[in-house]
Amino acid sequence: MLTYIAHRLLTLIPMVIVISFLIYLGLELTPGDAVSHMIPPDAYGSMDPDRLQELRESLGLGQPFFVRYWIWISGVVQGDFGYSLAGGVPIADIFLDRLPATLELSFAALLISTILGSILGTISALTRGSATDQGLTVVGMLGVSIPEFFFGLVAILVFAINLDWLPVGGRTLPGYDSFWDRLPNLVMPALVLSIMMTAGVMRYARSSMLDALSRDFIRTARSKGMPEWRVNILHGFRVALTPVIVLIGFRLPVLIGGSVIIEQVFQWPGIGKEFVSAVRSQDYPLVMMVALFSVLAVLIASLIVDLLTAIIDPRVRLGE
Amino acid sequence: MNKLLTTSIMALVSAQVAGGATAQAINDSELSDPRVRQAIAYAIDMETIAETLFEGAAIPAVGLTSDPANYPDGMNTYSYDPERARELLAEAGWDGSRTLDMVYYYPDELTANFMAVVQAQLADVGIDMNYRLLEGDVGAQIGGVPDDPVNGPAVVEWDILYGARAAIANQEYFNRFAPGQMPTVPTIDAMVPLVESVNATTDPEVQRAGYQEMEGIINEGAYILPLYYQQLYIFESDRINRNGAPYGNEQYNYNSAIETWTVEPNEDGEAVAYTNGAPMQFFEVPWQNLGIWVHSKYVFDTILEADGALTPIGGELAETYEVSEDGLVFTFTLQDGLTWHDGSPITAEDVQWSIEAAAQFPLTHPVLASTLSSIEGADALLAGDADNMSGISIDGNTVTITFEVLDPNVFLSFTQFAPLPSSYFEGADPLQLQQHEFWQMPIGSGPFMIEEARMNEFTTLVPFPDYHRGEALIEQIIALPSADGDANLIRNAAAFRADFGYSKNATDVPSLEEMEHMTVIPANIPYTRMFWINQFPRN
Amino acid sequence: MAGDPILSLRNVEVHFPVRTGVLKRVTAHVRAVDGVDLDVYRGEVLGLVGESGCGKTTLGKAILQLVRATQGTVTYSGEDGETELTTQDEAGLFAFRKRLQIVFQDPHSSLNPAFTIFGSLEDPLRHYGVKTRAKRRKIVGDLLEAVNMRREAMDRYPHEFSGGQRQRIGIARALSIDPELIVCDEAVSALDVSIQAQVLQLLMDLKREKNLTYVFITHDLSVTEYLCDRIAVMYLGKVVELCDAEELYSNTLHPYTQALLSAIPVADLDRKSQRIVLQGDVPSPINPPSGCPFHPRCRFAQDVCRSDVPRLRAYRAGSGVHMAACHLIDQPLAD
Amino acid sequence: MVDAPITRPRTRRDGQFDRLRDRETSMQGKAKRGGRFLGKFLSNRLALVGFVIFAIICLMSLFAPLLAQHDPMSPNLRAIAQPPSVEHWFGTDKTGRDIFARVLYGGRVSILVGLGSALLSALIGVIIGVYSGYVGGWLDWIAMRVSEIFMSFPQIILVLLLVAILGQSLLNLIVIFTLTGWGGIYRMARARMLSIREEEYVQALRSFGLGPARIAYKHMLPNALGPIMVNITLSTAAFILQEAGLSFLGLGVPLSIPTWGNILNAAQDLRVLEQNWWIWLPVGATISLFVLSVNFIGDGLRDATDPSQQG
Amino acid sequence: MEHDVALTVKGLKTYFYNNNRCNRAIDGVSFEIRQGKTLCIVGESGCGKSVTAASIMQLLPTLSRIEEGEITYHGPDGPVRIDALDRGGAQMRSIRGKEIAMIFQDPMTALNPVYSIGFQIKEMLMYHTGLGRRARHDKAIDLLASMGIPLPERRVNDYPHLYSGGMRQRAMIAIAMSCNPRILIADEPTTALDVTIQAQIFELMETLKRDNGTAIMLITHDMGVVAELADDVAVMYMGNIVEAGPVGTVMRNPVHPYTRALLDSIPVLGRGKDQEIKAIPGQTPDPYDRPKGCQFADRCMHRIDKCDEMPPETQVSDDHRVMCWRYQEFASNGR
């Protein structure tokens, strides 16, 4: 198991390096750089171009592409994530700052959607064809059909502005020390973020459950004279769980970047929001690190999924 | 029918006013024909746009500068007159075969809407126009001067640029009319001596005369089309009491006397005020955007102080100051016993270091940079030939600055210039000043000091107990990271999380005005939105 | 019976790599077919029997070059001399593809559900030079009639047919390019008994009409007895016994064949025999036992069986030779 | 028919069964045949509803010039932000443009982006996936690695990155969606091919010596079309939502082109959200309805083409 | 006689209601299962043999129901009308597994892959016996041992995928036999297995019948299996039992044309190459488009006009009955 994990992690390295190179190359091809974004366009006409060139060079932007890439990647490999070009803040600090916010939001959404989605999906599958099932199906479809920011905006309008139940956004304010202080801020973004995921998990859980219930071993279980709940839960749900776990596992990358839009809507100071502004201001080192980090997250998530399925499903043996 | 009649009468009248007979294209570009540019000006119904689209939060512009005292008599307002526009186009031989390429760099929806309206109004007089948002390196796409100052070809790749000039000094509007400076306008010979004259004096009267003449020339030739003046909207909640302190140009530093403001205590009895303008990613060096960030305004004190109209009114860190007769020597003395927020004394050495660093820091505001680079020895320092500026000498708390050439904005610049504690920057490269770790928790000299900074979440400020004008009365300022045009400002205001601040965004204004607990006060600022018309032929 | 060989297999091995680990390294091989020598004579029906996983289907595919042998040769002898098929590339095989055909087991997957019968059958014809559509329709119609179906069936889709009909269409397809040899891979196993007989009879009729050679792959020894001239019994990738059909049933030499025959339930109350029940399961072809592959389940196994791999040796039989691979059978003809 | 002494309580199903049984007895011998696929699709009520909505919205967008009385691009400053009226069915936006017309014309672009990208990515994914899935080899290896690279990113991060690299335009957006979308379809098509490859009719074709391209595209591909179509519908829905999301971030189609996302973007303004419901509600509802209908169609297709989901 | 009957089925009709159609899967079947005897239900796919089993166990799919007829289980506490019980009710559940147990065709899919074999045995014990945790574990090991699974102490904790096909079916039987049911229903238990493994399973079932006196209902399509294992046989065709009786009578003197045709259509091992096999023409009808009368009429070479009416079940002798209008003609002239 451990060697398997080590193997998998090792094989990530060339992948990540190739990807990092491609991103770097891509960004290189875009016009503009961090310096051109440090100046508001209204003021650009008055700036001295020579001075800006000096700044570019002092930031290392004037060096050839490969040199810059090499400096950067060798730094990363040695654990030096570099500095944000725009503000000079160590990228590691930015991550330490933003990651907890993103994780908090995404984990909350993941938790809500997993629990709610599996329960509703199971109910839907067990009452297949009934009004409950059809109702849930339609509601689930609606959930994946409405743009999430639209949900968010309307939620802000209704629950924050009109009803004044929840804060409009943000994550914390001075004096909000504990998780419970911040909870009201978390509720709306987490719920809105979870809507789409819940609907997805629900649909998946439903079809997975239906699939499981149509298998022969369900008949075997019934032929043993066990009560229906045991057949459905212990035999059906347990088997249906594997694909659901896989699905949720593949949602794990959301923990890093997938909540970009919701973070924007609710001013949630997370990685996603940071990424958007880094992309806008062409802060290469930061963009690179976020992108790499998210890639790593995806790859590690798939590793975790593999491990989880191996734990859940005895048929799966690692390394084969 | 009635409308048709009125417009044709108006057209007759205005045809007599603008003697377009002599006007013609000066190079291969149709846009170098003043009649075409005037036609564009006539075609745009700025009054109606300001009233409807901008909901009154824009003032149709006449000249480049927003100060009517700068205008000569008989400025043409180019009021909406499509008939006249068509006539002018016909005279200029505009055949409609050319589709103008309009660019802009504001990504907001209001701008896009404005573009759509302009497009429709130009189409109405027979000018096809497509608009697009500039992406990537915007600076490079709007800058660049043709080698041939008359025939081009143009370096920029558009016909019209919708942009703005936000100026601290009027010179900023005109300085690029100096030869070989303007990406869009072929050199206008009459402008050259005028530009020199307004830069060579500190006498407001002389400057004004120059401005008037230049505004007249630009107005007549429609070299640049001023569209509207953007006001600044200062907002306040009913919890805040300024206690008589002035409203002013919040984009820059002025004496707002924030230490005397009070705020209604919250449920816990704490005097906490919310504002916007907290940094989003990092604390910016205060020399760049002089006043827009909360820390630039309240954490750093400047050498001199200005009133709300940015007129110098006295010393802030400086106890006394004076400038010599010829305007080339500026002397000031710092107050005794000033300290930084960390308790260490503010010294003349700090000031000297700051001036030298600001002169080298590439992102220093242009007006400030222009002043500082006029100091004797600045060139040598910038070229790396000297370690210090020979023009700066200190004696105790007194700093004497000798200029090589006269700078018209010495006072203005020093009302905006905040020194930094040099002890934190030993060995730092002034080029990379922004990247210095100091900016993760800056130490300043102003009435408030930074208590806690969580980027993208909030920044809190607390009174600096040893502030030279006394400790501030507001116990805590919580600044949220919303800029103007950001929908979050309105949401925060609606949720009682905006007690004071400002916005330039026209869409914010009606929203804020509708809130019972908010008051919006417009402030006139030198900020003009305009069309730069590219008069060089494009390849 | 023995005439000219149409196909000669010499030491044919088909090993599939087993990839494991993160790097997908080849860590083992499935020895699906492990050194088979076999001749197929023109005009005969050769039965290839064995239990699942013994490699009979793989061997059938290796004959057709659908699976390439990892070692050994498959030689085709025709009027134009002998040709080694295993070394030919796809272009080189083109001429031989016409002579060798296959009928598959599963009537559900043997026809493309997206095409009509004509659509499925016309492409090979086009490939072999039947240019006009009208001609192709005529040929397909004739073929369907040859397998006792109506011409009109060609415009219908596979799902409209029953399993037996589909199997007949499969046979029609194999016949479409006039092959000399047809490999029938479990051609009747998936059919209901009442249908199975129809197809068996059809196969025999066609053989007579067109002078075909069959390699008949099956696990059902009662069918082979009825159908085949010679039978090769396979176990774990190897041929363990090979002889005339009658000889095999009357004088079974190999203990595995004995057990196999005895295990078959016979639908004849008068022929109930004593079952020889083999213990355990067929070992994995990834890691076959040393020596004789059958020794772990063999009642007679001795030390030599555990250590030495028995070779297929010839024994005298009534009219010809009887090949078997067992250490414990006395008197081989010669090595 | 005398009922056996069944003590079991009758359920809702029993009545249903009785009806079926009686009908069967009465129509004995008259077996009806029909396209299984079409029949199953049509019998799925939601899919049918989805298809009708989809068709209506598509046709209305297609015939926008006939349906809309106003030019979607021409502002009218004298009639800004007007509520729905006989003149303007959906009211006007903040520059006085007719929202009904904008929604119709915006639909053209949004549907083009959504459907176009989905079709393009399907085209690429299928062309590569079908061949490499069947043939394998180095092409398969390369395509697999490339798709792995694309799929190692969280979708939105990759889209944003590509927007940053390629810039904002309608064409670029389609390119970006295609780039991010092909991998999924490629993998699905490849997996389908891998399983179809084992079908015996493929072996039969190989035994005839038919070329791999012909076998893959002509004979195997039609049998993978079901899931491919499902995938296309689902990606269409996803791309339309993403277009809206990107517009929200200000990184979508340039604002000069009306798209559903761009129109809906007005809802970011709290005042519009509160006071001018007609500016965002009709377009929000249209996006949601359209995506919903596409999802229903996708679900219906899935049920109709997936043999494992009988019933 | 009556006392040793374990289960009686009378006039059972089970209809399916899929896709808005009604399929009369079983249309009036009657039979009884005797204690300590094996009843083989033989027939081709789709004839309703598995539905019969599912009806007895009340394990029918949702879209189906028992229309008519009686299923009576003669348990130790007197007869129980199974058809009158609620499908999922406690009473039905107490019969399932404890009194009547069932094993299925495909041991690969009939076992839950995520639970160990032991768990799946113990689950049964938990519901139907009062054994404690420890005792259940021991009993599971005992059961596996008695099914001939080597190293039962270790294998009890293994998951199904680690078992071979034959072992899985043994494990299935272990589950079924764990509560000593009076009736064991085996639905094609060896179809998915190789012949040598099939022999092992049959051996095991014979032993169980002998040692425990279990009544076995064995569903198969293979006449050979019938000949080997059955005491009684019922031949099913399209939802009817067309002929039933003791195995000797039915196989030696079949009177229904279908039974006869079936026996004639299969090659029988040992009869050599010259045996004559006769195919049954045509194919089984579409269940939604059945013949009006005798379901076999369309394929029957003895068809007369009267066959358009459904023939009644007629006793040929005490224990031999048939559904055919012309049975007497066949009964007299034998085969």
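The first chain written gets the first letter, and so on, giving A, B, C, D and E; residue counts start at 1 in each chain.
In this section, contacts are C-beta pairs under 8 Å (C-beta built on N, C-alpha and C of every residue); 3 or more make two chains touch, one makes a residue touch a chain.
Keep in mind it's a predicted model, so treat the numbers as computed, not measured.
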**Message:** Considering only chains that satisfy the touch condition with chain A, which of them also satisfy it with chain B?
**Reply:** D
**Request:** Would you kindly say which chain has the C-alpha centre located farthest from the C-alpha centre of chain C?
**Result:** B
**Pair joined by more contacting C-beta pairs (B-D or A-D)** = A-D
**Message:** How many angstrom lie between the centres of chain B and chain E, each centre taken as the mean Cα position?
**Reply:** 92
**Message:** From the mean C-alpha coordinate of chain A to that of chain C, what's the distance rounded to whole Å?
**Reply:** 54
**Message:** For chain C versus chain E, what separation do you get between their C-alpha means, in angstrom?
**Reply:** 33
**Complete:** In whole angstrom, the CA-centroid distance of chain D from chain E equals 48
**Complete:** Listed in rising order, chain A residues that touch 2 or more other chains are 30, 156, 161
**Prompt:** Which residues does chain D have that touch at least 2 chains other than itself?
**Reply:** 167, 268, 270, 311
**Where chain B touches two or more other chains, by residue** = 135-136, 491, 494
**Asked** Mind pulling up the chain E residues that touch chain D in the complex?
**Response** 15, 17-22, 62-63, 65-70, 83-87, 286, 288-289, 292
**Message:** Please output the residues of chain D touching chain B within their complex, sorted ascending.
**Reply:** 73-75, 77-78, 80, 93-97, 167-168, 250, 254-256, 265-266, 268-271
**Asked** Which of the residues in chain B come into contact with chain D in the complex?
**Response** 45, 48-49, 52-53, 107, 109, 112-113, 115-117, 119-120, 130-133, 135-136, 487, 490-491, 494, 507, 510-511, 514
**Request:** Sort out for me which residues of chain D touch chain C in the complex.
**Result:** 36, 199-201, 203-210, 214, 218-219, 222-223, 225
**Request:** Would you pull the chain D residues touching chain A in the complex into a rising list?
**Result:** 46, 148-149, 151-157, 160-165, 167, 237, 241, 244-245, 248-249, 251, 261, 264, 267-268, 270, 273-274, 280, 284, 287-289, 291-292, 295-296, 299, 308-309, 311
